[in-house]
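The next block holds one structure in the form of structure tokens; read it before the comments.
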Amino acid sequence: MTDGTAGTAATQAPEENPVLYVARPMATAARQFVKSLVRPSTIVYPYERLEDPRFRGEVAVASGKPIGVGAVWDNYRGVHALNIATCISCNLCAFSCPDLCIEMVTVPGGDPKHPKKCPQIDYGKCSYCGFCSDACPEGCLTMTTRYELSTPKRSEMVYSPQKLNEVFRSKLPMNPIRLERPENEDRILLDPPLCIGCNACARDCPTACITMLDVPKPEGKPGAKLPKRIWKEPVVNDSDCVRCGTCISVCPKECLFWGSRP
Amino acid sequence: MSTVTLYSVSYDLAHDLLFLLGWILHYGPAAAAVENPNVVTGLGVLIFAAILLAASMLNTIVLIWYERKLLGRFMDRRGAMHVGYAGLLQNFADGLKLFRKHTTQPAEADHVGFYFGPTAYMVSSLVIFGILPISTGWNSGALPLSLLLALVVFSFAPLFIFVSAWSSNNKYSLMGGLRSAAQMIAYEVPLLLAVVAVVVVAGSFSLTTIVYEQQNYWFWGPLVVALVVFVAAMLAEMERIPFDLPEAEAELVEGWNTEYGGMLFAFFMLADYLRALVGSILIVLLFLGGWTMPGWVPSAATSFPLAGIFWFMLKTYLVFGLFVWVRASLPRVRTDQLLRVGWNRLIPLSLLSVFLAAALVSVRCLPVFGCVPSPGG
Amino acid sequence: MSEMWINMGPQHPMTHGLWNLRVQIDGELVRAVDPEMGYLHRGIEKISEDRHYNEVITLMDRCCYVAGMAWEHLYILGAEAALQVRPPERADYLRVLCDEFQRLGSHLMWYAAFVQDLGLMSPFLYGMRDRDLVLDLFQSFTGARMTYEYMRVGGVRNDLPPGFADRSRKVLDWLDDRFREYDALCLGSTIFRKRCDGLGVLKGPEAIAHGVTGPMLRAAGVKRDLRKDRPYSAYDRVDFDVALADSADVTGRYLVRMEEMRQSVRILRQVLDWLDHHPGPVVADRLPRWLGAPYAPVGAEGYLLKRNYPKGLGLSAIEEPHGEALSYVVNDGGEHPYRVKFRSPVFANLSAASTYLVGYHVADIPPIMGSVDVCVGEVDR
């Protein structure tokens, strides 16, 4: 607590005036009445929609309010749109979901060994935080301006990838925000002594940015015991890597980790 | 040529109905009843009452719509607008919904009082419409004491409110009922005193006479103090903002009708607006010249009452619009403040208005102005 | 009528949420009050311990449903202190922008609810209408109207969209006009003054003893505003005054909040000007991977613990629209906070109810409680 009156705005209520002070609020209300005779500020929702660009101008002009004079709805976080064609099944959306409402389900299109998995979203749980679309490295999962979701059945709240793809095809305005990756982002690093060259990381990498390169077999003393392994090591192409961490989670020897070594 | 009034219409209707009935049924007594003036009069009164009931209920519902729309514009919104044209049928839909709802009675509530209260409140509010003249040829208004009768019936309400509040067995209801009783009793006095001023000037308790006394000038001009007192007291009697503390929803939930639902609640709601309508009508009758307009006074003998009804309703709705305006701009007062205003401000003011009215009558009777004797009274 | 207890709540128009005010009344007079909170407890602090640092933000918006952004800011400051992260300067200014818009939105909501408690409906709709403009602005840069999820550890999610500054200035001009209208409807109304003057008096020393903060404390003439006393984010770089009143009653709280809104407009104009001329990054450039700005956290816990991130405690306090809020975040090196604790200003303000309610009329309870500006979401968390 500080003393002194510097930097304070002391407020004082005006004196009461019994006659005028019944008239003043009534005059204020009457002014509003006359103004809203032209057009009240209400937006008659099912018939008029704020996101309709033609309508926005009308409200702004008629009621004198400064609303809707710009792209208020551009960044709206509504129902997701999924472009199945560009989805790389990296799992980042499901990882980043705080409500655990995203499940990766198989969609047709992948090869039998590596089925293609795309997000299925349960809107009964979703909180529209947008973490998933922020995390999506390919920009295939975005959010749209659709917000009407009510259904008579709870099961219809679960949107399959195909349904999300339909939202994508309906050409709704999409959230344009694409977050920049920080320049010196953490990378996938390898702890070489632990690696057994099993190829699991390269096999499961959604962007195929991991290549297994030969490493020279150490020329130890004859008779010295060499580790039993395949003499290959993963090398990550950092510019292609989306940092999904799939390689880390599939590595059987825990030899991959996040790091910032140049 | 006989005058066309609502009475004559309903008598003719009763007569024709009986005649038709006798003719269709070939039933002697029915046909003979046409000749019996008592039967015709009885049926005529019933038909008249039905017309009046329908008209007053219709007006009330339109009044609610009117308030919703007007209040909406005051608040920068639209009011009801989905059911019917511009929401005109919304209140009918609401009424239908309330009609369909089950009425629940709280466990420890007093059964008789719980049902008697709203019903009597509703009935007593409806009865007033049988007394108030709306236009020329309204015989009830010509009763010598019709104004007094109307006010007596009007002041029944706090009793019924208190009965229903007490019998609901709810603390909020009880507090609302007590507030209501205190408020209505406090504001009866200035209300009646303001009426006395009008009566003094008009020289009659008959509503029709009071209206015809306003042929030359409306009473609101000379009796402006009485008008202010009357409007303020009427606001309290109607329990509208700023004097709606018996049902102050912020602290008392819904006041004395907290426990009511379904049709009983609808009774309260309708009766509230019936009383608001009565209040507006009384103001128009006593101060704003009733169905007369400056320079146009319909004669009971020659004019068809519709023109009078039109002017009358126009004025009534404008007066009610004033109440809505007040509601849109003033907050609610507190109980003690309300009573203080009632006893300490309005009663002296109303006494002053009586004095002014007496002075006005005396001055008018001075030889300079030429004594104008009042025709009625 | 003899003395009796009535329950004002948990469902009661006065409560503005879910809590119970037990009132002992004697006729129309209040003899004793007993506030009961806890009906809206959702265990947000405990759930936070199970979430990544950034994911807690989704809970913060639900913590206080009228001032979500202020609570995001509160938590983020605590988390950043615990994780030893510094946001860039532009993010600081953006956070001040959010805070002050949130203060406007919250106070407009308060104005709407408070005047409606007095039985006057028009200001309710005027207040909500004008709050809508603030929400429109929030929507235009965060993408949502109430649950913003905008702040991140080490910065904010995204920069302002083009044209935002112009839109905001239009809204601020409009609001400046509206404040005059509000005063005409309230201060300029005799009945309003009769209802509010000298009501719910809570003097400075008593308020401090009960931990009452925010506009309620400033209405008692105590100059205490964390934005001035312990500046956070960019508050030391903007020019504003602390609103004060000395009547310590409901009117005083009204005056303080109205003045705060005017000061918010003043701050916002400065912040918008600064943002126009200082482009830059909005997230810190060096963040642990699992903090993930801009990406959300990924990976399994076991791999992260291996990394031995720095441990730390974070303590932060901000001047929330309702008062002083405090957050305490314990970072034990894992990917979840070990413990998150918040101090809700409204909880303290409500707990002191017996000091400013007893002795007044039952009809005075709604305006007095309205002047406290209750937000039960943050009381119970």
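Letters A, B and C mark the chains in the order given here, with residues in each chain numbered from 1 onward.
The definition used in the following text is that a residue touches a chain if its C-beta (ideal position, glycine included) is under 8 Å from a C-beta of that chain, and two chains touch if they have at least 3 such contacts.
Everything quoted here is computed from the prediction, not taken from an experiment.
Student: Which sets of chains still touch one another once chain B is disregarded?
Tutor: Connectivity check, chain B excluded: one piece.
Student: Return the chain label for which the distance between chain Cα mean and whole-protein Cα mean is smallest.
Tutor: C
Student: Could you let me know which interface, A-B or B-C, is made of more C-beta pairs in contact?
Tutor: B-C
Student: As a quick test, compute the distance in whole Å between the mean CA positions of chain A and chain C.
Tutor: 26
Student: Find the geometric centre of each of chain B and chain C from their Cα atoms only, then give the gap between the two centres in Å, rounded to an integer.
Tutor: 48
Student: So, what's the distance in Å between the C-alpha centres of chain B and chain A?
Tutor: About 62 Å separates the centre of chain A from that of chain B.
Student: Got the chain A residues that touch at least 2 other chains?
Tutor: 22, 25, 28-29, 32, 41
Student: Among the residues of chain B, which are close enough to touch at least two other chains?
Tutor: As it turns out, chain B has residues touching two or more other chains at 74-77, 328-330.
Student: Spell out, as numbers or ranges, the residues of chain C touching 2 or more other chains.
Tutor: Where chain C meets two or more other chains at a single residue, that happens at 122, 126, 129, 185, 189, 191-192.
Student: Going by the contact rule set out above, which residues of chain A touch chain C in the complex?
Tutor: Touching chain C from chain A are residues 1-5, 7-14, 16-18, 20-22, 24-25, 27-29, 32, 41, 65-77, 92, 95-96, 98-99, 127-132, 134-135, 143, 175, 177, 179-186, 243-245, 248-249, 254, 257-258.
Student: Which residues of chain C touch chain B in their complex?
Tutor: Interface residues on the chain C side: 1, 4, 6, 8, 12-14, 28, 115-122, 124-126, 129, 185, 189, 191-192, 194-195, 361-366.
Student: Under the definition above, what is the set of chain C residues touching chain A in their complex?
Tutor: Within the complex, chain C contacts chain A at residues 51-52, 54-55, 57-58, 122, 126, 129, 132-133, 136-137, 139-144, 147, 149, 157-158, 161, 163-164, 166-167, 170-171, 173-174, 181, 184-193, 197, 222-224, 228-229, 240-247, 251-252, 255-256, 258-259, 262-263, 283, 285-290, 292-300, 302-304, 306-307.
Student: In the complex, go through chain B and note every residue touching chain C.
Tutor: Residue list for chain B touching chain C: 71, 74-77, 171-172, 174-175, 178, 241-242, 244-245, 248-253, 327-337.
Student: Name, in rising order, each residue of chain B that touches chain A in their complex.
Tutor: By the definition above, chain B touches chain A via 72-78, 81, 325-326, 328-330.
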